[in-house]
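You will see two complexes here that share chain A, one where it goes with chain B and one where it goes with chain C.
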Partner chain A sequence: MSSSTVRDLQRDLENKANDLGKIQKDIGKNHQLRKKYTIQLGENELVLKELDLLEEDANVYKLIGPVLVKQDLAEANANVRKRIEYISAELKRLDAILQDMEEKQNNKRETIMKLQQRLQTIQAGKAKA
Partner chain B sequence: MASSSSRGEMEKMGIDQLKALKEQADLEVNLLQDSLNNIRTATVRLDAAAAALNDLSLRPQGKKMLVPLTASLYVPGTLDEADKVLVDIGTGYFIEKTMDDGKDYCQRKINLLKSNFDQLFEVAAKKKSVADEAGMVLQAKVKQLTAATTS
Partner chain C sequence: MEPPAKGTVTPLGFSEEDVRKAASYMEEKIGEKRVEMNRLQQYVDENDNLINLVKKLPDQLHHNVMVPFGKMAFFPGRLIHTNECLVLLGENYYTDRSSKQTVDFLKRRDKTLQSQIHSLKAEIEDLQTEASFFTTTASEVADGLVEIREEYVEEDSSAPVVIHSSEKEPCNLSEGETEEGELEDDDFARIMARLNELEIEEELEGEDGDSRGEDPDSSVESVEQIQHDLVKGSRGETDRGRVEYGKQETTISVPNKASGHSSSPRVSEPRVEAKIIQVLPETHPHKDLDDPLNRIRPMAQYLSKEGQSRGGTPQQNAETWKDFRTNAKTNVLGPQKIEPQKPEPEFDSTKAFTGSIVEHAHILETSAHSQTQSSTSQPSKPVSRFRAKRR
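So, the complex of A and B:
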């Protein structure tokens, strides 16, 4: 009887370990995305600071492909602000996802630990018998 | 995490835990070192830009010069006007500035980078000492363990 339960437990353990690996990979991806967005946010904030320092009639150009296109200061300002808003929202969303995933990861870890303990107790009992 | 753990706390940790702490600290030290290097290269670039501006502002209008098209191809040209410069402020935006404003921009950026560099340097030094300490405690523990098992 015990050999089949042991096999079942082992299979279960393997599945759970795979799940855990997947979650950890996702968390890594999330970290990378967050890093990218944080860098962009910082750059945009620097640009906004620089734009705020300008006089009303300053000439602002936007690089589109290889050409510089003249742009309204107000428009550029609004554009950068919108981008910062978007990136901040995206970062918040990633944060929420990350928290969720970390919770899942901890749960998986716990179930794996429990499974391992059960396997060990079964095997210890077998060794005695 | 236990990033600020003192030596006393480290002594209480198991070898596996210490190993993990050391690895984590080493990783962070490397990351910080990379950031410091990036800041350094950025500062060098800005310094070059500031020097170029300075150079340009010293030349009179109509001055003949050779303009680099590639690193090895130069074409003759004359300086039209040097009191307006275009500054790349990032994310594809360029701003027309006067020469003085341009110089001021470079100086401001350099100062910003310097203060960031100093802050980061302190953090990196602290992390490094944590990593070193963890390594030392770890070694001592391993030595103790091997001595206990062989005797």
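So, the complex of A and C:
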């Protein structure tokens, strides 16, 4: 009876540990994405600063494939601003996901700790017997 | 023999392997950061070289160069527009810039790179401190160091509390100050009481003078006169207290009370309800009461006597005099404007106040004419229209 409960607990513990590992991998991916987006955001902000410093009659080109296409300064400015808004929104979304994942991770850790304590108590009881 | 100090001896809470792992992990992190910093430093160096090149380009009209053709080959070429650069702003955006503008752009880019390097250096320093902590703890764990904690019991200090005599002196000083303040308050109260008495006396004298100068018949006649004028010229315009009704002029004045101490109402004053009653300063009957100097003179004499008898300092006397002046200014009442909110109903010019008596227009004209004559002859005493008619 006690051996079956111990086995069940061990299986449960393994499952929980696997889930925790998956969550940690997801958190790692999230961090990588956030890093990429923050780099892009910084670059876009630099571009926006430079575009703001340009004169109104300045020639602006965009590299589309192998070709430089001439663009209007106001249009380029608007595009960069939209891009910044999109990236910042994505970063906020990633932050929310990260918080949720961290909460899940903490819950999993707590449950794993409880399971380990139960296993230890059962094993201690066995040793006494 | 002293009893042995109670305490606990605990080994450090982690194993040597864990500490070694943590230290190695921190070293890896530091290595990554160093690689990143080297990459940024390389960018900075390239940027500096580019700045130098762009600065040199406009020095000559043409430059003979080898143009890259793919990854493997070059062919000879010539730079013609040495003052024009196509600059990559970032995110695949390019723009035409002059050499000077390009240099400025590259310097700005250099600043951002330097700030990134600075932040990376700070991170590396933090990681190094953590790594050094882990390495020291690892060595401590290997040596078998333990943490000893002993209970600390504070010794009771049984030193007697000494109160110096200098601490008591400020209390005495403050008591003396309060006593002086109380004396000053008493003096001020006496001065103010005397002032009030003098004001009441002056008011009573003024009232006696007014009642002696007036005739009871004339007061009744003046009431009738004003009523008649109001009826006749209810549509007249008022200008600074004068109610003009065609050719007639009557000045309505309400005397101001100097202060609110006198409780008895004056019998001789006529009560008049008009649309707008404005008090003029020149028609004010109590000029001597409203003059602040007249009100202050007796008090000034009293103050001088008090100052001599008491032997107070001139500064204190000046302060009390200042207080008194401000008080006197606040008590003086100026001319007031009284505007009743409800407009009175307009009267017919051919009708008197009572509904039973009806007067004809020609009688009113004659009475008005006679009244103007009498008013020119006797401006001080208003004459009733009935008396004028009897003449």
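Just so it is clear, the second predicted complex is superposed on the first by the 129 of 129 C-alpha atoms of A that agree within 3 Å, B and C clash if a C-alpha of one lies under 4 Å from a C-alpha of the other, contacts with A are read in each partner's own complex, and residues count from 1 in each chain.
Keep in mind that, in the parts below, contacts are C-beta pairs under 8 Å (C-beta built on N, C-alpha and C of every residue); 3 or more make two chains touch, one makes a residue touch a chain.
Predicted, not measured: the structure shown is a model, and the values here were computed from it.
Because the two structures share chain A, they can be overlaid on it, and in that overlay chain B clashes with chain C. Touch criterion not met for A:Ile23: it reaches neither chain B nor chain C. By the touch criterion defined above, A:Leu115 lies against neither chain B nor chain C after alignment on the C-alpha atoms of chain A. Within the superposed three-chain model, A:Ile87 lies out of touch with both chain B and chain C [touch as defined at top].
When both complexes are overlaid on chain A, the residue A:Glu43 reaches chain B and chain C alike. The intersection of chain A residues touching chain B with those touching chain C, taken from the two complexes, comprises 43-44, 46-47, 50-51, 54, 58-64, 68, 76, 80, 83. Listing the residues of chain B that touch chain A in their complex gives 86, 89-97, 105. On the chain A side of its complex with chain C, the touching residues are 43-44, 46-47, 50-51, 54, 58-64, 68, 71, 76, 80, 83. Contact residues of chain C toward chain A in the complex are 86, 89-96, 105, 108-109, 112.
Chain A contributes residues 40, 43-44, 46-47, 50-51, 54, 58-64, 68, 76, 80, 83 to its touches with chain B in the complex.
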